[in-house]
Amino acid sequence: MMNIMKKPSVLLGALALGLILSSVSAQAANEQYFPLQSYRVGPYAAGGTGFFGGFIDYLQYVNLKEGGVNGVKFTWSECETEYVVEKGVECYERLKKGLNGAPAAATNPLSVGIAYATLERSTADKLPLITINHGRTDSTDGSVFPYVFPLQLNPYSEVSAIINYIGDKSGGLDKLKGKKIVTLFHGSPYGKETNPILELLAKKYGFSLTLLEVPHPGNEQQSQWLNIRRIKPDWVILRGWGVMNPVALKTAQKTGFPADHIIGNIWSNSEEDAAPAGTAAKGFISITTHPSGTNFPVLQDIDKTVLKAGKGNLQDAKRFGTVYYNLGVVNGILNVEAVRVAQAKFGKRPLTGEEVRWGFENIKLDDARLKQLGAYGLVQPLKLSCSDHEGGGAVRFQQWDGKQWKVISDWVQADRKLLRPIIEESSHKYAKEKGITPRDCAKES
Amino acid sequence: MLYRESGQFSTSYLAEGRLFKLYQQRWGFYALLAFAFLAVPYLGNDYWFSAILIPFLVLSLAGLGLNLLTGYAGQISLGSAAFMAVGAFAAYNFQLRIDGMPLLLGFFFGGVTAALVGVVFGLPSLRIKGFYLLVSTLAAQFVVTWVLTQFGWFSNYNSSGVISAPPLVILGHDFSSPAGRYLLTLGVAAALFWFAHNIVHSELGRRWMAVRDMDTAAAVIGIPILQTKLLAFAISSFILGIAGALWAFAYLGTVEPHGFDLSRSFQILFIIIIGGMGSILGNFLGAAFIVLLPILLSNLSATFLAGVVDPGQLENLQKIIFGALIIFFLIKEPAGLARLWQAFRERSRIWPLRF
Amino acid sequence: MEFFLEVLIGGLLAGLMYSLVAIGFVLIYKASGVFNFAQGAMVLFAALTFVSLLERGVPFWGAFAVTLLSMLMLAWAIERMVLRPLVNRPPITLFMATLGLSYIIEGLAQTLWGAQVHGLDLGISDEPFEVAGLLLSQFDLFAAGTAGLLVLALSLLFNKTRVGISLRAVADDQLAALSIGIKLQKVWMIVWAVAGFVGLVAGLLWGARLGVQFSLSLIVLKALPVLIIGGFTSIGGAIVGGLIIGASEKLAEVYLGPVIGGGIENWFPYVLALLFLLVRPAGIFGERAIERV
Amino acid sequence: MAGAPLLELQHISLSFKGVKAVTDISFTVQQGEICALIGPNGAGKSSLLNVINGVYPPDEGMVGFNGNSYRKMQSHQAAVQGIARTFQNIALFKGMSVLDNVLTGRNLKVKSSWLEQTFHIGRAASDIAKQRQKAEEVIDFLRINQWRNSIVGTLPYGLQKRVELGRALASEPRLLLLDEPMAGMNSEEKAEMSGFILDTQRELGTTVVLIEHDIGVVMGLSDHVVVLDYGRKVGDGTPDEVRRNPEVIAAYLGTSH
Amino acid sequence: MANNTLPHQLAHQAATQPKRIALRHKHLGIWHEQRWQALRGEIGQLVDILDGFGFKRGDTLVLLTHPRREALLLSLAAQWLGGIAAPLDPTLEEDTLALLLTHLKPAFAFAEEQQQVDQVLANSRPDVRIIYAEARGLSAYSQMTLHHYQRLLQDTPAAARAPLAEADQSAFALYRVNGERHVQVEHFRHGELLEEGRHLVFAERLGRNEEAFAARVFATSGHLRYLLSPWLTAGFTLNFPESIVTRDADRRELGPTLVVGTRDTYQRLESLVRARLPVPDSLLGRFITYALRPDGTLLQRLLGYWLVKRPLRDVIGFSRIRVPLLIGPALPAESLHFFKNLDIHIRTWDKIANWRTLSTTTSRHVPSGQDAAADDIKRVS
């Protein structure tokens, strides 16, 4: 054992060399850095390539169009996580220090697992952790989770909005009474997370709820859909993930359940979820925090300045304007906006993570500002604060027409008042477990 | 080669049986331990602790667990991750539900729980052999993940089914900094490696190898087969369980049942194939390989191939490299890196002679 | 009762899909004693190649032919680079080598064709139809028919052709087969190629069902209990095992799920297989060798 | 030799899938003698050994050992009773060293528990030294000192046979069953092995039952010869008696050996 | 000097350094050590035993054995009683041994194991008292005159009496058969032996810390003069390997500081090393040639020392060697050079043998292999 380290020492040496070479630092530039824990391979590559493609393209766009924010250019580097938690942690640790002197602004792993694993690290390192549309629900409570931002939509809001939509469709929430709703969820903590909320809503509105689990990865759903066929529900809420989504649609078709009564959640709403199901997906409804498509000024502008200039990040240009791509763009808009807000307070220079966090907490996107950004209709009006790290909580509904998504509703708001106490109960439990004293948000400026 | 053996001889079986018969080896080992315990915490940075050293140690430990079962006792298993999960969740619950449970004792009970579960899934090993036994261990893999996801009690009804680390405090010392977590992992790993080393060099270790090499003959010379196999399952799972707890608490900080899925089991299996089955050292070599190769590749490509090779392609390439290496090792060196090291040692013992 | 029958039939049909993958295993195991974990990766590789060619405008049969050809080349490479150097090694070693193989094939498939999800339309409508109040899936029936045809074709191949006879000879007794001049390497290559073909068919059907993507390679995990129950050496056993697994897991999910919690489909087949093993350690159709000392 | 027999087979029959391997065989082996089982291939010799030490349960008959009768004995139980054996196709633990192989032979003599051994507490230290010494004595007895730390799988065939004998001897057996201990050896190696077997019997007082094809060796070595043919006993007596037995002559002339 | 005998010398060592290690031998896988005091105690018992057998002053104890401590102790016990020890090399050809034994007609003998016991029995008086070391195979022997060494010791209480030996008495008698099949003898008196031993001890500055390695039988005069006698004189540790086949491994473990070897000893080592060194044409071989060039640069010498000489000396168990002695016929210059290259400077210490022809037999043709010894004889006669 004495010599254990001898063999690997070769590897270690080579690795050290690699590390040294990679960190040969140029002059500390006037740049703001985004560490990207991206994933472009593995089972979830489709989501990763779209999201990070959009994100990078937007940063590139800001650089090209405006020369960054107030002259502070953006820089970034990628580290492949393969959606694997340990790799995400490794990437986080590798990139958190910044690049060539440019400080890191925020991390955006787009992975629940990685977000959980880096949550405490982020807090300790004072680096905002952005979990747009996903993440830990109770991190909405910024007094307990100062550095975590489940922007736009947390999982609780998601189901609440869906129920509100169904209520709308039925002619009012009071009409929900007696309706039958089935939730088909992925057999993972992610899939189960909203079950208590659904049960709560079922009790509140008096609809009957059946929760059906699909074991991971979900490529066999015969029995669940036969069950659904027997129950004959009015709506099926699909909380799927990866392959489970197209298989659900195909199996629904096989068992004769109409696709236009299936509502996909935020991870069942992309082209990659619907298209592989072919004709079976036609009519499928899903929520989205942002419409797909290219019909927004900001996207047109990106196309012109970035893509047409051959600087686009997407390998497959056809994916421009898809759900994941647009989510990346939205994420870019929000991150850049946070930097901009923070710069207004702290000065026109590269900012620390702590300063960027202040920026996030003070994001205020109203219609006017959104129009300014060319993102009206793409991004929902958003106002964050010390205690509210989610901000929006609204979704739009879209329907698959066999080729692409068509937005079929305006913003539908979640019942955030109802959810807030539940969230706080959970966050306070966490605070107690971890010995955290929540910030007093009244004192924050 | 560089150190002299002459003049070091044993005058008792006790001295003859020790790990390092040569004082140079002993002092080298002590120096290594001292370096790992005393120098590394000051030399390392967050990245080395959190992204390299801790996972390396935990995976070495997991490899050790599987190696005892597969490399020594000859029972192949694809359920290693399940036993890690049991260990992690059990340690969490012991910690949570018993007031004042010391951290290390919680780990220990986590290991014991994993051992019990291991015994249950090891029971069929008396009747079924070879890759038929895979079914039992795969059953463990799927059942355990399902149970942990299905019943919220195990994660204290966390809405995401995620457990997070209790305060890492031992006797009033806080080990939650990266260096502290490294030391905690190192300490536990060192103790367990010592434990495992003693086992494989004891009667029980010989029994395992006997069962591995030829179980009929083992039975004929009076080795109780079932007991021997079950002990292998229990001790293997015990170590895997503690490795799981470290994975959850010291490495990631939080973990969900799917963090211990089949691919983790494969990863651990690869560690022992590459490192060397039936070798203690092999676990370190295999784990180092598994941890460092991807980082090395991605670092090198980030430096030299940035923009040339798509990072995605690089991951695919890495996958191919792993697969090819496994086949390569199975063909050329079924006993893994440890065997190479051993051959090197043997050669250097007689250097400059050839044999 | 109707519901029970529907679940049962659905399960049986799904089970046949498992059998399709399991048959590839059986072929390889019979001829070379290798438990080929890479079968799932081969299914993925075949489906991905096929669908990518299709998307690039290659006509159906052209894509089919090219894919088949690439499966043949894969078989050749595997025989050359994996099986031959590992001849006479313990089965466990060979099994682990196929684990490595599955990594290579998966990596290769994604390097060549990318990781996107592809839809695959075989032109078979999947509108359900009802017979005597029972809901039946056209697609599943088609898949079942394909499985049946495949078994028929394989048994013809095994029983009527010269190649088949040497395959059987090798399966029965490798040494004896060698002594009458059968070239082991050639037989192995053929078997892997045939398994590749089976993989292609399975890949097309599964791909049409799930979309062609990474998780196709995971269906190997469903085939394993099928093999345990059916035995590693019997094609008929693979079919029967598939039916048993398919039916029982669906019934268990529907009837047992609400009692102990849903989502038990992943492990139920394994526990079932384990119970089978404890009663019949070599499966229903497998033969138990007498242990010689 | 007087006294109660150490081993007594009573009407043993055994069949595999309906094929009779051994039919109604009875004979006794006295304490301290070397008894040879001879007969053509397939005569059921190995099967009989497998019955004696419990690898196969007999269909009929009883095995008496040391005054107790067994209908069916587990291998483990046989080992506990003091029956050790070697196998026709060497059944050593190929991945282990010579010393470790011999030490496994002592597994039933180990007094300390695995926990004691692991943590070096209690009886472990003295136990380990004792077992090691006993194993070393066997190694010395069989003159395999210089291969003590060699991995068994790398040793030549003849040596492996010796190591296997060593593993059996390490258990200090009362009855030693040797299945073709000299198969495939040249005459020099045979002489050496015969010497070891004789020494075992004389110095350690072990009773030996062996299967051997070389009639010359058998006649020189054994006190007592049992002849089997097609699963039946055709001769039983001293070497001289057997040599004169017409049935034995017929059996041997009838087959090519 | 009345006390100038080997037994007295032993008693002296036991008295002056009782707790130091006198003998070390490898047995059953580990090294067993015996201190001077214990050694003397055991010899005391042996003296009683021999006395009980009727061993008297002037009697000869024949020792037919590979080197082992029992033989050494018995020799000293015989000398204690004023007797002579006559070691015979068991590796000699059967008929040569028979010739010697017939000539010697021993009344007292030590035989290593069954084979040697048989040889002695076949060629001795019927009442020969044989002490043997290894019991195996001998339990069936019914002779009352056969005694197991270990059992004798167990049955004999400790005792201590003064040595009866005298300086001008013969301590050892070496016998051999020469080319004409004549039995020849050479006698070694206590005084002479010790004298030569002291000479060596002084010249080579041998101290009590030496580790001497005795892999060969004490059947050559050189071993008696330059190993046995210095051992008793200087009081260092004498080491025996586990067996003749394991001597190389055992020497490596032990790392002796004093080696007394014959031409065979060194040539065997040399050929062993030469056979195992990398082929000269290979890369490694070329490196070794390069590193060993005696007139090399500093780098060459450093490399040569650290990468070739030092490890190689260790492999052959010579890393601690201080006094490599050669006895008997000289080494060829080439071999001397070979060892010199490894910084092993072999010294020749030999005195001309003094053989006396005792008997004449012309029984059979002399094998040519024994011609080698003829040269020495010529020098004598």
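List of remarks:
Order of writing sets the labels: A, B, C, D and E. Residues in every chain begin at 1.
Here is the rule we go by: a contact is a pair of C-beta atoms (placed from the backbone, for glycine too) under 8 Å apart; a residue touches a chain by one contact, two chains touch by 3 or more.
These numbers come from a predicted model, not from an experiment.
Taking the CA centroid of subunit A as reference, the farthest chain centroid is that of E. Averaging the CA coordinates per chain and comparing them to the mean over all protein CA atoms picks out B as nearest. When chain centres are defined as mean Cα coordinates, E lies farthest from subunit B. Two chain pairs are in question, A-C and A-B; the one with more C-beta pairs in contact is A-B.
Centres computed as Cα averages put subunit A at a distance of 35 Å from subunit B. Look at where the CA atoms of subunit A average out and do the same for subunit D: the two points lie 72 Å apart.
If each chain is reduced to the centroid of its CA atoms, subunit B and subunit E end up 53 Å from each other.
Between subunit B and subunit D the centroid-to-centroid distance comes to 41 Å (mean Cα coordinates, whole Å).
The multi-chain contact residues of subunit D, meaning those touching 2 or more other chains, are 55, 87, 91, 132-133.
The residues of subunit B that reach two or more other chains are 12-13, 16, 146, 149, 216-217, 220, 312, 316, listed in rising order.
Residues of subunit C in contact with two or more other chains: 110, 115, 261, 263-264, 266, 293. Contacts from subunit B toward subunit A in the complex involve residues 19-20, 25-26, 28-29, 31-32, 46-47, 50-52, 55, 146, 149, 155, 158-162, 164, 167, 193, 251-259, 280-281, 284-285, 288-289, 292-296, 298-300, 302-304, 310-312, 314-316, 337, 340-341, 345.
The touching residues of subunit C, when paired with subunit A in their complex, are 3, 6-7, 10-11, 14, 110, 114-121, 126-128, 135, 137, 139-140, 209-216, 218-219, 222, 249-251, 253-254, 257, 261-266. Put simply, subunit D touches subunit B in their complex at residues 53, 55, 75-76, 78-80, 84-85, 87, 91-96, 100, 103-105, 107-108, 110, 112, 114, 117-120, 125, 128-129, 131-133, 167-168, 171. Here subunit D touches subunit E in the complex through residues 99, 132-133, 136-137, 139-141, 145-146, 148, 195, 198-199, 202-203, going by the rule given at the top.
For subunit E in complex with subunit B, the residues that touch the partner chain are 29-33, 211, 252-255, 273, 276-278, 284, 288, 306-308, 310-312, 314-315, 317-320.
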